[in-house]
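Next come the structures, one after another.
Paired with chain B in one complex and with chain C in the other, chain A is shared by the two complexes that follow.
Moving on to the complex of A and B:
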């Protein structure tokens, strides 16, 4: 094989990484161009969907006049707090329910039912308990996101391959060693699926409750913009919510890779 | 039972009976099985599917309680997993979240050995199973045979008095199986490791063993113990010898009747289930 031949697969590999990302970005740009075009020729109503060009133009205004950075960090902090709480309490809850079968049999069904319930409608109750504060928003995000983390933790531990448990038993592990050295690391990938799902629920509820109680970060900004009928500004604020979501997912992915390190 | 073997045996299995309560009534999986394994000996237990080989493996390893009888290591009765017995399982059992070194160092970590020392020890066993150069790889990056070698190295790292293996190469192709058999033989000879292999593969059993215990189909009893008088050190090249062929034929003659019984039993069971579902 010649030197040129050996370099070919590497070049293909590099291209292989860049190409999907370029297609993804290109599709997004093509979609915005299409929407812009449909609005400009009057197929889509510009008073319902603002042209993407106007949304882009509104960014500097939203950033400077609406203190979007401070609001962004407020929403981010609320999501982060809810995320940390739901990871700690959700995983611990799942572990406890797996450990005590009676607890699991008694609670698993209604926790699963809770996952699909519109808990956001309970916000008046949370307002009474925590007042019109960030804690109402955080607790709403936390409570509504808890079920998937608990359920996926139970699933992860229960589905640990029996042979791995037997390896632990053959080495005479204590129950605590069996959990920390085998069950927990084996169930981490499934637990992270639960945490990812939980973060989606938490973000939706945090922004939703900010919107509903007109308090706090980006949700409140979206509410205010919508009431002013500033559609371009509303969509620009929504872009920042998407940015929070992207940041969260990147962070969770990094933590998962660091913890599992299987490749 | 071979009394001469049991006198100076390091592992003694005496009158083991295992019964299970099933929806169809009491099932006797293992019935009155007794044998001994001498220090440094390689003994294989062979039998058809359903003869209770894996049940026996779990009982000796302390993962399953027996209904009657006694298992002892160097005179000490064991009633659960014991540090003197190292188990290698049939299913792939490496920890996917640990590198090869960390997998092999696992039992050393449990003893509280310092990190540097346990990594050094782990590297020794990795080299022993022929995986040097793969220390930092993860199990997902290895083939099935390499992963089983990692499991073997992990068990050897705990320095057990008795190595207990349950069809460790069952999922591998014949060529890999023969080559890994060579590797196990080489390790066994180097460490003088007392080994008990559970298998349904006659070639594998004859290639590696000093003695082979043939079991009957359900309930699993000792049918015969065959001494394998082939020269050591051995390798997979021995499969071409005339003596090897004679042992294989002899054991197959014993097993054939049992395997046929097992097959008939399975067919009857399937027919019974089909009739039950139809009515």
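Moving on to the complex of A and C:
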């Protein structure tokens, strides 16, 4: 089979993906056009749902007057600080629990249970401890996102292939060498999945707590716009946060793929 | 007879408390002792870490007053309604996306990327659309719940054994028959898993909305305790809430025969 033979199905496959994507995007645009029309003819109340054209118009105003770039970097800094803490404490916690099996058996169920608990509801408690400051937001992001990182680290180390562990043993590696040369590299892909999940949880909680305590970056922006009853501005700020979130998830996914590539 | 003797001897040798239980007890006791020490040490602001006795008293007070159960019923009603609405919509959309490759390619990426965005930011919109009462909390819970259910059901649909689908088609089953006789029974686990995740996020969405703007519900009680700096009461409410949330999550998981209560 020649290269031309293989490239033809690939081209067809790509074209097969372009049409549905165009339909998806077209449907989205059609939906916004419909909303605009319904507002213009008075079916939908413009004081509840602002016309999409007004939202688009308000974007430059919100970006310039509300210092969106500075707010974005503030949220990003809070999120990355929580991410660094997550990586250090989460991975270290997972390694520690794998090292001491009894501790793992005793605590793994608790950590899994914590992952399903609404930890973010503790934000008033963190407000009391850390005050209305960035540390409340960072610590909330950190604590809420810690369980998946610990669980994925344990899962990654525990699922290291037996043959690799045996190779290490046959070379008479010390426990430290066995960990750094065999267990840790083999478990990195799963650990990165945990860190990715942790970063996503951290971003969700950071923006959420910013909104709730009216402090910080992008979350506070939405709260302020809503309190001013600047409808178009509120919708524009929400669109901006969604855009930032989506770009953040895509970037984290790309970084994970790059770090865990096999070639 | 010899086997019976051996079993009896093994049972006699087995410790009453296993090592795992022992470690758990030690951890719990250590945490409680450190907590009590810190509460009396004066190292932290007064009442930030209240005495265990005070928390116990607040817990007793909480559980013996009807007011708490009224607010619990309000929150449970909101979360339950959100779960029914968001879960049903998620199952319908998930089946549509999972059954049709074209729809999946056209729309699933939007759901995939919108799913993990922080839903609480939509609360101002929900207030404008549904008012300041329970409606806006239910709407936020519904929105939170929809995404994990839809994505799990769509993924579950694609994992259904093709033989089952061919069997259904060879019997010339109608679309409704295919849904109720083939798709839904075969997707029990992904659906339950989606509902379990949906329950968690619906609970968080509803409670956060209650802490932001409400005059009833558990979220309101928590933020009210913060406003009046009644820390023992706040701790008591968080403890009860965590127990209920973890219990509900584990209950839904067990209902679907899921082995663990891990989130991912």
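One rule holds in what follows: the second predicted complex is superposed on the first by the 181 of 263 C-alpha atoms of A that agree within 3 Å, B and C clash if a C-alpha of one lies under 4 Å from a C-alpha of the other, contacts with A are read in each partner's own complex, and residues count from 1 in each chain.
To be clear about the criterion, contacts are C-beta pairs under 8 Å (C-beta built on N, C-alpha and C of every residue); 3 or more make two chains touch, one makes a residue touch a chain.
All values derive from a computational prediction rather than experimental measurement.
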{"item": "First, second, both or neither for A:43, with chain B first and chain C second", "value": "neither"}
{"item": "Partner chain in contact with A:171 - chain B first, chain C second, else both or neither", "value": "first"}
{"item": "Touching partner for A:147 - first (chain B), second (chain C), both, neither", "value": "second"}
{"item": "Partner chain in contact with A:163 - chain B first, chain C second, else both or neither", "value": "first"}
{"item": "Chain C versus chain B, contacts on chain A by residue", "value": "C"}
{"item": "First (chain B), second (chain C), both or neither touched by A:118", "value": "second"}
{"item": "Chain B/chain C common contact set on chain A", "value": "none"}
{"item": "For the chain A and chain B complex, residues of the former touching the latter", "value": "161, 163-164, 166-167, 169-173, 177, 181-182, 185-186, 188, 260-263"}
{"item": "Residues of chain B defined as touching chain A within the complex", "value": "61-63, 80-83, 85-87, 89, 91-93, 95-97, 106-107, 110, 138, 140-141, 158"}
{"item": "Complex interface listing, chain A residues touching chain C", "value": "17, 20-21, 23-24, 27-28, 48-49, 102-103, 105-107, 109, 112-113, 115-118, 120-125, 127-129, 147-148, 151-152, 197, 200, 203-205, 207-208, 211-212, 219, 222-223, 225-226, 231, 234-235, 238, 241-242, 245-246, 249-250"}
{"item": "Complex contact set, residues of chain C against chain A", "value": "19-20, 23-24, 27, 45, 48, 102-107, 109-110, 113-114, 116-118, 120-125, 127-129, 196, 200, 203-204, 207-208, 211-212, 219, 222-223, 225-226, 229, 231, 234-235, 238, 241-242, 245-246, 249-250, 260-264"}
